[in-house]
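Chains: A, B, C, D, E, F, G and H, in written order; residue numbering restarts at 1 for each.
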């Protein structure tokens, strides 16, 4: 299995949860911490399930996700 | 043959000749006199050929023709 | 003797100011006939655009309101909402309705305002002396398209009857001309239909009337009418583009 | 490691001011990607309408001009005529483009101005706090249609992509949405096509993008997106309504 | 101001009679003679009615109002023009009336220097049609007032007329001279 | 003006904390006591940022500016609110800080009467959740300043709340009284 | 007579309804949106029509149509939207049609900002539209005046057959205060014989602003002017606060006058005999009243939230032999009482 | 340097071409149609673009777009059309974009009439649009000045990055006179570094009028104000004709000044020491110059083709201790020299 990276800019995530719903692998989840903008932000939960398909990043309206793979 | 009357308000005719062209019976002609508006106006030339079809009156853009028949 | 043709009742006994052979006069007359026909003279309220038709109130014995250039259908909206019982029609030229007034026209149509619109398309700004209108034909020379209208530079002539027909709010949209007795009869029918629709509360009705402007086309009256037939009608086809039936809204 | 997804180059590293889940951000991003894609960042000149998208210049590193509310396409006409070598696009909301700016929009389209138009339809005036827009759906409650939009009173939602497609001057007209990855891909294609058309000089290109406004719809982000899919798309069907080919104008 | 070089005129008639052309030509001639000039045409709603008129002022210094309240000279080519302008002509002013078109019945002032000019007829005589009646009138005016030299008038025609209409120049010249001659004749009798 | 009845306050926090409701209620209570009042909310671009604040002025005569430059009292429900408004509070002014949300690190004035109020905790204590922290704060303020009677406050809730939300009245009352009690307790120690 | 606690904008909208408003056309623009929002809900309940127009240009012309039918009509907008209505306002004036226009000013020029501003004084009082006409303009400074003056505006509009304007800054429209709803049973409006009724009655009625024949237009323009003169006689409104013995008089309208009162109080507390003069009707301007004051007081300090507009009128009226200072604040933040007090002090010291 | 015989409107249009006009957007309206008609023919010949817009609203915004690209832009219209452009003019001012706007005034309010008028003085000089800004306004009174002042307007517009206006009555635009074409070889225009070039160079350029952050907007408004102050120092134009020893000074602009000169001549012939003061720049108004005259002369008679607009500025500048008369003629027919002479006499007698 190759390595993947899903980088979420937590200070800019607005917690809209679109990425969470779009990720069919259930990799992402909403955290409990609040960022500077005042939102609960998304965290990577199970990176091992990620296929680096990039859909979460594509669908994020605030363009705060980066996806990398080996 | 029944009687017809084509009444042209000569002081208001602008001599555009539309009625003349529309009358397929050649009843009307442009006169040589000039009216108060400064236009040569239309005259009834051969009332005997008139069928009182009303087309001249219908087509006159200044609505200055009346047509009557018996 | 019996009258075969006589000027409509609602028209006052006053000279049109139009140039010789200008078909604005014919448009006035068929509207007047329709008003006589329905016996709605007292209910009618004319909203008059700015253009050669601006003096309509001098000729028609109906209550009349002058609208700022292009805003006829905004004004008519105000009138009809305030007095739904009146029969409201607008009289507007192509500069008025299709250029400066386009937004007001399309939005009133889209709202389905229950008014009748008479749109005189003579491919020119008549009153101001012959400038290019949105409806000016390709190649046509006007005082502001001295090299002839070219689509790359000045765009295409706009077809209002067709465009409005695509809107939900429009009950009736037709294009007519006045060059032959047959065309005149069709035009009369369309004008009546436009009032009929309003009387029945079916929504926005629109009649585009192709008309001549001998003065600004620099033509004799008869040549001008020939131009309507030979150049305008091919580009602006006559016909009914939309007609709503009572059953459509019930 | 190789990047799978990264923000487009032309977007600056600055927070969008949009509300959580608002798809304006996605629209920004797909336009940005197309600009990166064609490598036209330096040629691009954005003409920005007044609406929630008004701060586009804060996010895009391109020359930008603010247009008065609704007048984007008149402004763009001036820009493109003055600098035909620039790639000019407008970014406008439904209030901006379809209400107050309708005449400018239709006339620029009809003139075939060689510009690309990105039209964000969220069935509401977002920036001003949720009033009824021309695109507001029937029954939709807004702050100025508190009883729900009713066609007899407020008219019909207007379908811009379809209406503009009827005009000769229009080279490309399409409607897209951003709810699913598939829709997003189609939207990207349409946006690219709109730039492509301009680069090739084919005329006016128009992309209507259905978008969410969770704030003024009083909805959670995800519900708002569901509304786009379930209520908006049925009334505003996605698709390409007009596509001119080079051969059409040669 | 009468000690200085100063003239003001009104020309009036129907559209198509060449009223404005006559006014323009006169101005142009004065410019050739290095004078100050103003030319002021009628405008607006008036024009629809089919009338045309213009004011011409010639001076050797800056001109104030381009619209003289009481013009010292006039060319009148239609009955409406007569009715409108006769009342405002200056006392003892010069009024040239195209008598082929206008009946003398409407002339109701006695203090004026009124000249009845059969301009249409003269035009027909010299060029074969009545189209240059305006030039006949202008020729008469210039020779009566000496506001410019006849030669300047002729020269100005040459400068104003476009290449295309060049062949009309001699005709215009003839008409002007016919007008001028008529004045000389009038003077003699 | 201090001899007369006059109070001015600023209330500030995040949107959703009930800042404006608290301001409105206070005004309403003063109206019940026949006072003059002005209520001035924040507006415009500020609102997008998620902050909410309002100024309240109570007086026994016509009120001039509705925006006191240096309010004599305040309710502060967020850190940004503290940073923004602490500097402008009047010398010796009363500052009520919701200490469940705001850290005391940012408090940098010594001349103020600052009260740290665990409003969220109190709200949870009396009504089971933190939603009425605003009422706790308001209760404290009213009882500390005596700007209106606690009874008026309670009465105004009854008048303002719609039929639908009637069941919330007793909860609001409890929260207010909790705040008021806390003040009494604070006074004692 | 209900006693209510209302935002200025609500108070104004309620006043309009009590004044028997029957047609409102709106278009969204910050910061006046709460007026159309209120009316879209309330107007239908009293048989009035609410229309959201496609633009400001459209809405002013909708007003023109509805007004010609004799009902009371109104719109509200904010600065850029008011600019777009200038042609329509000129037509209303020329056609002698009553209508009430509310301008909740924001910052200009252009898109500017949405904060409180008084940048449109010139536009409102000197005719932003073409041609010779004056529109009566009222500047409320409290929620109560929002109610009272909108009613006044309707009355004046009808009486003189003219558009009338409420010019207000957003602070006044946001501020909540006590309001006496004086006409909670509504106001009876006189029938307008000149207007279009349910059908044509007697002679044809023509409502227009085009006058081409003879000197009809000159007569028409003088008629409009005489209406304005009559307003100058009969409709002037102003407030003079502590002016009688004042050594310095502050002049300002709207929120500035409100803040100015506090500043005057401050100044008096500290021994400066300050007063405040507040034009309530900006057109007709309280010229005579101000002139009278100028016989008693030498020093005037004009305060505006702009770079200097009303100050020109003050100079004209008060005359060059007086000291006329100006403090302008073209920003979204209104000055506060201390600031004005300091300006007063500063001004007297130099 | 060609010597030509031109109508005022032609002279103006030719001046625009010589000033290197490169973009004109027009919309028909009487009585200014000969300007677009001339330019539609001539502008393409010199590489300029002529666009007939769908409305005045559209055209002022086309100007905004083209001006942002650094070329010289212009439009012309007449009163109602100018009203429709007020929002756009305000945006041009706020965005600091140069543009020249010609108003060949007609009668208002509303559709009014098409005769000569000066009814738009207020609109032009007091900002018909919203917000705090001044547009420099020039009032030519001869065909030569139509040529010279349109060039001046372009230069001032560029120099101050502002819209500028030519305000003229139709008589001046119809009148034919001798014109020296001073710049028949054209004028070289400075490159505008702030404008959009063929492509982005260096930092992103943003042209806008929206200022939301901090007190950016206040700074921006004061900046605009300072530009205006600078104009007041540097761009004032006026003419004083026989004013030095005058016992009465006539004041008027445009055609009125022209007729006024004849009236002054008449008066002098008849023994009245009359003079004429003519503001050529209406904004900036020649305040200092007029003030100076007011130290020497007691009597002023303001003549306007309206019911009284500029007269307010005269009152402000000249002061209340002078006699300031007004003769207004809000009609399509300009007064004639005798009429003005009689007014002078009448005025002195009472």
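By definition in this document, contacts are C-beta pairs under 8 Å (C-beta built on N, C-alpha and C of every residue); 3 or more make two chains touch, one makes a residue touch a chain.
Computed from a prediction, not measured in an experiment: that's the story for all the values here.
A count of contacting C-beta pairs for B-C and for D-H identifies D-H as the more extensively joined pair. Placing every chain at the mean of its C-alpha atoms, the farthest one from chain B is found to be F. We define each chain's centre as the mean of its Cα atoms; on that basis chain D and chain F are separated by 44 Å. Inter-chain spacing, taken between the CA centroids of chain C and chain F, is 64 Å. Computed centre separation for the pair chain D/chain G is 38 angstrom, with centres defined by C-alpha atoms. Taking each chain's centre as the mean of its C-alpha atoms, chain A lies 61 Å from chain H. Among the residues of chain D, those touching two or more other chains are numbered 54, 66, 68, 99-100, 102-103, 107, 134, 154. For chain A, the set of residues that touch two or more other chains is empty. Counting partner chains per residue, chain F shows two or more touched chains at residues 45.
Across the complex, chain B is touched by residues 1-8, 11, 15-16, 18-26, 28-29, 178, 181, 184, 214, 221-222, 225 of chain C. Across the interface of their complex, chain C is touched by residues 99-103, 106-107, 110-112, 134, 151-152, 154-156, 158, 162-163, 166-169 of chain D. Of all residues in chain F, only 1, 24, 27-28, 31, 36-41, 43-45, 62-67, 69 touch chain G in the complex they form. Contacts from chain C toward chain G in the complex involve residues 41-45, 47, 54, 57, 60-68, 71, 74-83, 85-86, 103-104, 107. Chain H meets chain E in the complex at residues 3, 5, 30-31, 113-115, 170-171, 174-178, 258-263, 265, 269, 332, 334, 336-339.
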